[in-house]
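Structures for review follow.
Here come two complexes built around subunit A, the first alongside subunit B, the second alongside subunit C.
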Partner chain A sequence: MTDVIRADLDWVDSFPTQQVAGYDVRPGRTMPFGATLVSGGVNFSIYSSAAKAVTLVLFKQGEPEPVAELPIPDEFRIGSVWSMTVFNLDYEGIEYGYRVYGPSEVDFRDRFDHTQILADPYARAFSGRNEWGQEPDRSNIYPYRSRLTFEDFDWEGDQPLRIPSVDLVIYELHVRGFTRDPSSGVAQPGTYAGLIEKIPYLKELGVNCVELMPVFEFDEFENSRINAETGERLYNFWGYSTVGFFAPKAGYAATGKFGMQRDEFKNLVKEFHKAGIEVVLDVVFNHTAEGNEYGPTIHFRGLDNRTYYMLTPEGFYYNFSGTGNTLNCNSPIVREYVLSCLRFWASEYHVDGFRFDLAAILGRGPDGAPLENPPLLESMAFDPVLTDCLLIAEAWDAGGLYQVGSFPNYRRWSEWNGKYRDTVRKWIKGDEGVVGDLATRLVGSPDLYWARGACSSINFITCHDGFNLADMVSYNDKHNEANGEHNNDGANDNNSWNCGAEGPTDDPEILRTRTRQMKNAMVLLLTSQGVPMILAGDEVARTQHGNNNAYCHDSELTWMDWNLVDENQEMLRFVSNMIAFRKAHPSLREGHHPHGGDPVGCGYPDVSWHGIRAWQPDWSPQSRLIAMMRNGHNIEGDDNHVYVASNTHWEDHRLELPGLPDGMRWHLFADTAAEAPADVAVPGREPVLADQHGISVGARSSVVLVGRAVAPS
Partner chain B sequence: MDIKQSRSDDILVLKLIGDLDGRTAPAAQAQILEVLPSDERVLLDLSELGVVTSAGLRTMLLVYRQAQARNSTVGLVGLSQELHGILSATGFLTFFVVSDTVDDGLSELADVPAQRSGVR
Partner chain C sequence: MSFTTTLTRSGNTVIITLVGELDATTAVAFRQEVDRAAEGDVETLVLDMKDLTYLSSAGLRGLVFAKQKMSDGVKIVLVKASDEVERTIRMVGFHHSVVFSDHVPG
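The block that comes next holds the complex of A and B.
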């Protein structure tokens, strides 16, 4: 019986072979890239297709000047990878970076500059922005510093949840914005730890997936400026500008100043999973924080500019992202980089999926042209580690490529359905000529996703970008003056209607209409086939005062106001009951598109359309009234009928109801024209309708009925 | 880092004095693991702990894991507010029986039933 192998004791090569700059070193291991803790030391590995030499630069934590510079001996290089194991490093107290020397013959596509210290693109933690909003020292020669980390964590058996897509209800939130406001009442506001304290709220609301706006390390001070008119400091609050792709943002961690952000984020994921809530990350691989020709040199630019960025024939940066540069996603090197990053988050952090910002860029070739079969997207679709991960594309970019419905998908990718948002918004405000398109959106957009299935459609009416729900019914136009760009930023096509007054009003009739319109939106969203996504705060009618592009505000404008949970209890109750209703009715969330057949044999088509008269929908362009009947099984497997009527006309209408099978009666679940608490019932306890033949639907109102057997009293 | 060892009834008390960081953690860890008993209760008295870094926290987690594998329970007393905040934010606090004073810790540990095994 021999003892178990102890790699740290038994490896012949865990000893130094030589010294560099006074440090014990040996030729490193080429893989994995990045810095890895190994027996007795740290293995550093970095590649560059054209560099001629690389020096490892070590800092003592927080010191302005390096403590040592270790040129990696050329004999340590294999291919274009420099790797070196350095022994006896204080892994906690060290920050590291690289100087990379370009070839003597300068290529106009390269931007090597060995006077700059580069961060490790594979670094798993960064220091430099450890505490949110702490003014950085602009004279720092190395502002975003790579750190060494252990990656072990006590997961206590946690696994990604693998909730079937049909059952998902996504909730998009900003980690800091969600709990930063003092009204959140959490112990550590604005942090991962603070977010944990709000898990019970989310569970009660009924969502089972949170989509976190960017949590990869970014710099809130990027483009930070003072608004000349208000004197307010503006930040990069949203974080769509990545510095460190493998590192959770330290400034979102209550423990960031202790370098514990990885543990804190892992604990967040673990706690979400315990509550049955998946975690999806909003990731930004279309560009980096290095910006255009005038931007800072952080890593890629000085390491291998021509490999990592899409360049014009003249060597300038293509700008399909609208932010200065475009990551060259379909180069083999970058593809591998992105894949290893996603695998890392899926396996090391147990995240359940990703939403890809401006994902159309991920399908462009090195010259910017859209590819037929983009290698990166194909690789992600078939990657063995990512098999259970949601892959959600924001299927457009700032270069004019709009691929909603046509994103290269391999029957694997889903999409933020921008057409759903636009159509439903137009319908809600009462536009003409929308009714046919609306019907298509309600059944999961088969025109776009027939081959992929309804769950490829992530349905949303609002997201972080654009008006939130309360503003969608309170403003005709954006009001972005506080962004300091004279209201020129942000989208102009909001498809919004203020219900009679722009912004705040005391007019009770307008206020009632607004509440009704918000409820109408939630009725449509939560009875649509596909995966619904709710924007954080919409369930309590949070306002951003008409700002439809609040990316730069770290203030009450973007922070969740938790007083609204009490103030707008009516709205919160309506939304959570709607979510519960969706859960109780599997017919509303099947993977296939209903098409008028009767797959469960209940005697009714899986979807049918109705108008003033049952079975006679009005598809004319002037139509502002449509009713959808969905038939199938309820959660117990019994036959079940759901009837959703949406009236965007300014007059009431009386609708004839389709007949039900013997022994079944129509019950009223929701009526947005009714005063609370009659506006919505508890699923399963809906009152029976007195008149089984018809129902009155109020002006700009919706009604939801459920047909089921009368419960024996 | 100095570790003082004492015993109160059947509970081992280890008092950690000084800083617990990347420099001192490996030795402290080795020392603690060497005396870590099986099927018992251990109280770490942190009231005279100086600076604690992530390496120090790792040591505490490793002690917890090892204790669990040996069917022992670990209690903590004398946590600074800061350390309490870190352990709370990272979820590590739930691994330990946490008390204010050594006396409280001893009585709370005494109430803990024989530990489950850490091996699932």
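The block that comes next holds the complex of A and C.
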């Protein structure tokens, strides 16, 4: 047996030096910030650039008044950091916060208020909103309470999956909305535990990455109100307003009432990973739940207002987020805060990446001006802990900064490709003057991402913002009356077409057109180069009744209706077969943009364009027909050819097909004009086309062919 | 708050009987008992919970500790865990590491 050199270091710093308010304490360690369990006690550390004193406030869990207030002795302060180790705390039963005293000389940029108890910005768990929708006690002097946590989860060897970006198919979902509806049939609806029960569904659909809408602790009662017209309570359902950046939302955990949301969320990640599905978090670092001058004081505002927020010269909040305040992301302090938060989620929760809400804000300087080389974005791009994490920017903000294609990227960042969405939507509804732009989008938007590669383009047609797919083909205009703002909220440029009637209809012709249009969208999305993203529910044509901004509804309007899995089986089959087709054809998802060369030596350019006549695309502004041929290898490494024809004209067209090498035949994978089940085949089992020279593409329809060797009979 | 444990050993099976309330303040006692159980050759660790009146999240963490303390091959059996405890264990994914049972295995 090998001797192991051991040392029991427990005794280091583990004895109290004095008492404060009856508690044994000693000077703490400045790092890490937050509350950390140490031998015999808890180390509390908090930073404020201008405070003159800090008091640690302890509550017994759920009690209205503090059980103790411990002023941190000034000799415990190092620099601007107050830290103190407190011994013999019942770490499970306490909640903690701080009173922070401002300097006697008041600076107009500060908002110190020691009458308020502040949460710890580094708290890893919060109580106060443990159960979703439970009416808060407005008289609570400390509504969002910091909790102590443990780091003893058994990961059983789990690691982030590191699926190559080229292979990703992302699925955007809302944790609560996905299983809250009784039709979900899960034991714990609307929770992390409930979501686990739907992993087999996602696996069967074929997606391999879920992007979870915000799961950082937020308050569903923020701006909660009753819609005067409907009497319905409106919530902050989406959660794009963070209270606790280091804490998973307790109200999404079935075990939140036991304070075990961290374990439940970790278990969710572990189960996703077991199924081969990555977990990407939609994170909101552009602003916080503290709102504008009239908003609540939660932490930053009372701790160090001028450090954490972008302020106007007069000391008011800049509002580039459209929600009241803007986090001062490129100040060195906040930069470090954001980085440590991301590292924490990557290492402690094993998440596979992040999508940054209104990320253009993360490139603005303290005065709001866009920076050439924003230190925060650069730091993230090169951070050693985040190396394997997806970094996806929503490359615009509410202050008018639109950076799709020009987001400071360090060849590392990818982007929600808003231009892809707009172009493909216009094309699908039959707009003129789009064909050239469409072709650019289909091959991975080289105009935007040539230097970075095609996977920097997260292609999407729908996301939580705006119409979902069914509504995109059912409504010309938004119908947001239920949001209680007289239909003034939500985007007006939807690029949608209702196919002949606004909203629900019995007209079978219109219904057929809508189904076809949805399939057309999925054909383009899943044969485009770049990383496709599907909005949850689109695969079964879930409607939101024309609401294109349903952020405030915790109701059937936003909940996934699982009955649709049976009712819209046709659509579900089409989408899952399209995903399988994408997987079977690496040429559709290579990392580099095609450029018309023949890198695999198959005798054909990697991409070519066709029209009514093969090799003769119609690039005129009036063109509503384009066919794309992709040539390369299939998943077995054999030569193969994929031909995608999209006709947005209201008439059928017969297309001459490009010839194939000897021994190969065109096979029909998908035809959106055909009635199911002829609308889509099983990849690899496509029927051979009887006519090898041409194919008829129906009005507003798409066709997908695969050219390969005829299988030996 | 009262919490007591008794440990009995029969062959390669160790039975810890938990009585009373297992929470953050009493979890230490539980951990020490698990430490004792881990001494010697153990194939099965039985936690008899029939007289456990309360199990807090810190108590649940004690189970995680037990799992990590025991070597990989050790089977952990929870006897007469309440419905709520069993549900919670399932929701946080710990059920992969334990076996639920209605009686102390003989």
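Note that in this section the second predicted complex is superposed on the first by the 702 of 713 C-alpha atoms of A that agree within 3 Å, B and C clash if a C-alpha of one lies under 4 Å from a C-alpha of the other, contacts with A are read in each partner's own complex, and residues count from 1 in each chain.
The criterion applied here is as follows: a residue touches a chain if its C-beta (ideal position, glycine included) is under 8 Å from a C-beta of that chain, and two chains touch if they have at least 3 such contacts.
Source: prediction; values computed, not measured.
With subunit A as the common reference, subunit B cannot sit beside subunit C without a clash. By the document's definition of touching, of the two partners only subunit B reaches A:G157; subunit C does not. When both complexes are overlaid on chain A, the residue A:W615 reaches neither subunit B nor subunit C. Once chain A of one complex is fitted onto chain A of the other, the partner contacts of A:M260 extend to both subunit B and subunit C.
In the superposition on chain A, contact of A:F108 is made with neither subunit B nor subunit C.
Contact with both subunit B and subunit C is seen for A:G93 once the two complexes are overlaid on the shared chain. Subunit A uses residues 90-93, 150, 154, 188, 191-193, 253-255, 258-260, 263-264, 267, 270-271 to touch subunit B in one structure and subunit C in the other. Of all residues in subunit C, only 23-25, 56-58, 60-61, 64-65, 67-68, 88, 90-94, 96-97 touch subunit A in the complex they form.
Those residues of subunit A lying in contact with subunit C across their complex are 90-93, 150, 152-154, 156, 188, 191-193, 253-255, 258-260, 263-264, 266-267, 270-271. Chain contact summary for the complex, subunit B toward subunit A: residues 21-23, 53-55, 57-58, 61, 65, 85-86, 88-92, 95, 120. Subunit A meets subunit B in the complex at residues 90-93, 150, 154, 157, 187-188, 191-193, 253-255, 258-260, 263-264, 267, 270-271.
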